[in-house]
Amino acid sequence: MSGIQRLLVVGAHAADFVWRASGVIALATERGAQATVLALSYGERGESGELWKEPGQTVERVKRIRHEQGEQAAKIVGAEFRCLDLGDYPLEVGREALDQLAQVIRDLAPDVIITHTAVDPFNPDHPVTHDAVMKARLLASGAGVASAFETVKPPVIYLFEPHQPELCGFVPNAFVDITPVYEKKLEAMRAVGSQQYLQKYYAELAERRGNHARRISGNGAVRYAEAFQRVTPLVSSDLIGHG
Amino acid sequence: MSGIQRLLVVGAHAADFVWRASGVIALATERGAQATVLALSYGERGESGELWKEPGQTVERVKRIRHEQGEQAAKIVGAEFRCLDLGDYPLEVGREALDQLAQVIRDLAPDVIITHTAVDPFNPDHPVTHDAVMKARLLASGAGVASAFETVKPPVIYLFEPHQPELCGFVPNAFVDITPVYEKKLEAMRAVGSQQYLQKYYAELAERRGNHARRISGNGAVRYAEAFQRVTPLVSSDLIGHG
Amino acid sequence: MSGIQRLLVVGAHAADFVWRASGVIALATERGAQATVLALSYGERGESGELWKEPGQTVERVKRIRHEQGEQAAKIVGAEFRCLDLGDYPLEVGREALDQLAQVIRDLAPDVIITHTAVDPFNPDHPVTHDAVMKARLLASGAGVASAFETVKPPVIYLFEPHQPELCGFVPNAFVDITPVYEKKLEAMRAVGSQQYLQKYYAELAERRGNHARRISGNGAVRYAEAFQRVTPLVSSDLIGHG
Amino acid sequence: MSGIQRLLVVGAHAADFVWRASGVIALATERGAQATVLALSYGERGESGELWKEPGQTVERVKRIRHEQGEQAAKIVGAEFRCLDLGDYPLEVGREALDQLAQVIRDLAPDVIITHTAVDPFNPDHPVTHDAVMKARLLASGAGVASAFETVKPPVIYLFEPHQPELCGFVPNAFVDITPVYEKKLEAMRAVGSQQYLQKYYAELAERRGNHARRISGNGAVRYAEAFQRVTPLVSSDLIGHG
Amino acid sequence: MSGIQRLLVVGAHAADFVWRASGVIALATERGAQATVLALSYGERGESGELWKEPGQTVERVKRIRHEQGEQAAKIVGAEFRCLDLGDYPLEVGREALDQLAQVIRDLAPDVIITHTAVDPFNPDHPVTHDAVMKARLLASGAGVASAFETVKPPVIYLFEPHQPELCGFVPNAFVDITPVYEKKLEAMRAVGSQQYLQKYYAELAERRGNHARRISGNGAVRYAEAFQRVTPLVSSDLIGHG
Amino acid sequence: MSGIQRLLVVGAHAADFVWRASGVIALATERGAQATVLALSYGERGESGELWKEPGQTVERVKRIRHEQGEQAAKIVGAEFRCLDLGDYPLEVGREALDQLAQVIRDLAPDVIITHTAVDPFNPDHPVTHDAVMKARLLASGAGVASAFETVKPPVIYLFEPHQPELCGFVPNAFVDITPVYEKKLEAMRAVGSQQYLQKYYAELAERRGNHARRISGNGAVRYAEAFQRVTPLVSSDLIGHG
């Protein structure tokens, strides 16, 4: 089982990766992998309400702050941060943006891509991101037959945990033990926002998923975990128990 | 990712493991794992028609031949063969047999168990086996809380590929590259039957699943594969790409 | 497309076939097919409340009346009526009854079996009947390989429409135009009960399913239909449009 | 919308109701409803490990302690506690026990029954309880037609939240605001166990479900909630928004 | 359980609300609620064939008649009628129309929105309407966190019954007793069309759904009902039996 | 059961029909039916890699070769070949192309249309084709009520088998025995490509599906089959066993 070498995390908004995947990013980069976070938008309209409470706030300033925060949080877990700045609420991914996304995949040739679920009745931009990633991945990797364009190996897709998992059709089948990097996740969460309650919410979630992972595996050493849904099959040279 | 150490394969009938999992058994035992094949019945009524064509055939003799064949095939892939001899068509797993099965799991403490799918409109004994394994596994491993009996770590469950996968609700999410042990699988198949057509059928299936595994992973070195459906989540210390 | 030659309809209670399948039975027998109705019980407890309103009623008398009514309704649509008299609410199908059922299937060797849905949150006996039929069918037809017992060709399975279809997971995929035999269905319904409202309910259902069948096929000649869910694939020598 | 008058909660083991439904029980009884908790077993084998750590422990004593704890917790939320003492791991509900359960439903004539999910890959007794409740409910309420036995109005069924909801197919569609009775729930949890960590786990769950309920309804006053899956349709005299 | 105060019904075509939801609209307005019907198109091409049989008919005149009929039917059940006139067969909802729809939701701040199912293999415009409503609702209500725009409380979503419910994935979980307002529904149906057969079809459907509601609830007083599928969870201050 | 008279096969790329449906096309045309193959694109970018290996290759030349091959293969099985040339990877079907497609359906008035599955994680163009066909079919056939435009009878829809059926949600419910025309299928496959391995792959698939069809039907004469998923219900004048 060779480790991941290049990880790409695609979120609809600048901070999505922090709450949902900063643990596994930290694990990967600590092992030497290259990690890139790509935000399709800054979430400047739908998820930056706190910033808009400041008098005289402007959209450009909101974006700049969100960029800095995203960059800072990514840095904490060893990743590069980029944003396509496509606008949010609603996020729309037209033909040109789709080509951009496919080009990023071609350029990075990631082993693994993490993105949103296909369904999210609480967020209009998450499913749009999911569909764009799935399509761009195919455009970049082809259909497994010889084609007229350069292709990369088809990246494995993981979905990260949405806010209300059962209502998004999310069924976790991969729990990653983030105990060794938990402090980094806490630090990354602090970097993207002053909202104490979100940090508490996701800290408790990590603990809860850790409990689940312990029960599933019988491995008492797991204290904190992130849950994912793997949607592409695993091809391996042996059956895998727990890793 | 530490490898499997103890593998248990539970089939309804004596030969099920050969067609469906002898490749992964061979891979595991070559790496040093201990593998046990447990047949709940010999399949003496429903799947031994060829033997019954011999004049003067008796049920005891059919069972003995099936046992020898199962033992021989298991040996080829490095596994031990056992049979509970519960009868087939219909196979029934009562309370006592369930306790036996749970005890086997407690004794072996396998990392991984492979068994049939929950649904099979072509075979009455496969779902019975599935349900018994799932229940016995829980009786042997408990609910993750302190209990009054000895428990083992909850084994990971894989389902092996049924004859008509789409009609059994089988969705493969784990393809194992059996190219290095493919000859052993062919040999094991020859050991359990003179039916050329079944050997041809499953040889072509291994090739077809190899094609699928190549397209999924982009790994051109996979020539033969076995497909499984993992039903318990993976708990690991890192995200897994392809192994 | 050769027509059905032997049709078997298995209901939990004596009158189930009348409301749900008497139209297709009449169509088949008019074409020369042999049709058998098998009731697993008389429904003497759960579905004979009207009869129990008579003073001094006995269970034997209720069963006799239900038998006569079933026989009469079956006769109207050209079928034979039998009952295993296993008791109802709850109906239980033990090993012996299962063997009886398998033997009926072996004896009749039906092309098609119609029975209840696998799920019915309104009736405890319908799913029991479904499961028994599915299992007995496999015991009678084997797994497609040579076996130690006589087997018949695997009958095609249709499920008939439950009272509240959406809540039983019923998805109709076969609408049969019963317009030519509609009067026989009305007559059969009159034979099994004095309850006007049930006759009205199912007459309106036939009309409603006729409307659906017209919209699906564009065939304006369909006035009355019965809806079924076919659960075994169709094997044919050509693609089929509408028949 | 008239309130519930009689609530029945059926758990596989003595303490199930506490973690999962003590909030809604307290809400109902505070409003004047009658609530009964029925445990099918004491969970003396599978869920009483802490008690078995005491030297010289006996099964009778474990059951007595579990009974007292269940009774005490039920009392705190205003409910009566009963136990059928059918044994656990594995719990089996035979014909006689099924009749007992149906009789309880007939006697209490509850408006609402709460029980376990149909699927639970972490507990062998929960699905057995679910199936028994669903069947007993039908035996007690009939199929909506005149029958030979006394029937009660068909109770509404809710499922309570399992430990790992997504892996049990649990999709919550009813969130109940338990903020007003939250202290009672905490007290009831203390009554059934000394395990601090379980109390912490379920306190955090109540908070998490409160967060979800706030986002779903936009009602900022909800602080703590219990989540349920309603499986029988709602029949009402008006459309319902949030209550 | 406070009643609905503001109800919004969004149909693809001018008359959809009449067949599917005029009963619940009448119930709501009789209780004092404000109800608005929003048609995305007049259905002038796909569902006005009768009007086009008149010689010299024009599209403008068809729309005017459909507007008057919609307005008249809405008035009968106490609702306001509006139409966005986006065209039908195919209906398309571009960015501007989506913003209009979101603005309507912001302006009305409905407690409940009723619209079409997500799937309808018989109508190209129904799923388009569904998707537009779901997206506009999120744009109007936000993701539950502070945002840069005004938000309303997230309205509850109900889907109305499609013509062939099982083939549209429709599973009714809310039956509303429209017996008290049934005459108004009949009158509203007469207002939108001279087609006797459609009025008969939906009158029989109301009766059929009334039968279902009686069986589900055991409430014998329900004579006519409309069926809906609620897709957003219920948040309430108590468990709900039947209302 | 009258045979199909007009068959339309719509593929995303020029050669899709050959691998997946050339058998049933040959069966239909041998019986006198008219068959049309419509390719939405030539697959010049994503599925013509072999052609691009020639030095100096141009897109126009690739398209011309693909057209000739498609025409040649179609001719072998008795069908006409057309291509809309909409471009591939990604294929996009805008409003104008949708109208073209609807017009083709109106002009041909096919009894049956065969196209791709709704889901295909290995190909971006297949689901686009599926959705366009489903929508165009409704625009051409209306909703079953009188409309302002000409309509045709709603064609029956079959989906053809994707490369990895289980991962595309493909559940075959119609197996067609192509034994009598198997040689034509082989010849058509040779016409569209020099890739030996694809021809071998699909020849083995036909054999495998033949094995399945034999087991399902008990009809030992089936040697080669093509598998399809019928998504529109069957309306017929009798129940159908195996044809």
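Note that the chains take the letters A, B, C, D, E and F in the order they are written out, and that residue 1 is the start of every chain.
We take it that a residue touches a chain if its C-beta (ideal position, glycine included) is under 8 Å from a C-beta of that chain, and two chains touch if they have at least 3 such contacts.
Just so we're on the same page, UniProt names per chain: A, B, C, D, E, F = PIG-L family deacetylase.
Since we're looking at a predicted model, the values are computed, not measured.
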Chains in simultaneous contact with chain B (PIG-L family deacetylase) and chain E (PIG-L family deacetylase): A, C, D, F
Between chain A (PIG-L family deacetylase) and chain C (PIG-L family deacetylase), the fewest steps along chains that touch one another: 2
Fraction-based call for chain E (PIG-L family deacetylase) against chain D (PIG-L family deacetylase), same above half, different below: same
Superposition of chain C (PIG-L family deacetylase) upon chain E (PIG-L family deacetylase): rotation angle, C-alpha, nearest 5 degrees: 180
Centroid spacing, where centroids are CA-atom means, of chain A (PIG-L family deacetylase) and chain F (PIG-L family deacetylase) in whole angstrom: 38
Inter-centroid spacing, chain F (PIG-L family deacetylase) versus chain D (PIG-L family deacetylase) (mean Cα positions, whole Å): 52
Set of chain A (PIG-L family deacetylase) residues in contact with two or more other chains: 122, 143-144, 163, 167, 172, 215-216, 232-233
Touching chain combinations (by label order): A-B, A-D, A-E, A-F, B-C, B-D, B-F, C-D, C-E, C-F, D-E, E-F
Chain C (PIG-L family deacetylase) to chain F (PIG-L family deacetylase) touching residues, read off their complex: 1-4, 7, 24, 27-28, 31, 111-112, 114, 141, 143-144, 152-154, 156, 158, 172-177, 180, 213-219, 222, 225, 228, 230, 232-243
Residues of chain C (PIG-L family deacetylase) that touch chain D (PIG-L family deacetylase) when the two form their complex: 44-50, 52-53, 62, 89-90, 92, 121-124, 163, 167
Residue numbers on chain F (PIG-L family deacetylase) that touch chain E (PIG-L family deacetylase), as the complex places them: 95, 98, 134-135, 138-139, 142-149, 231-233
Chain E (PIG-L family deacetylase) residues within the chain C (PIG-L family deacetylase) interface of the complex: 122, 163-167, 170-172, 201, 204-205, 207-208, 211-212, 215-216
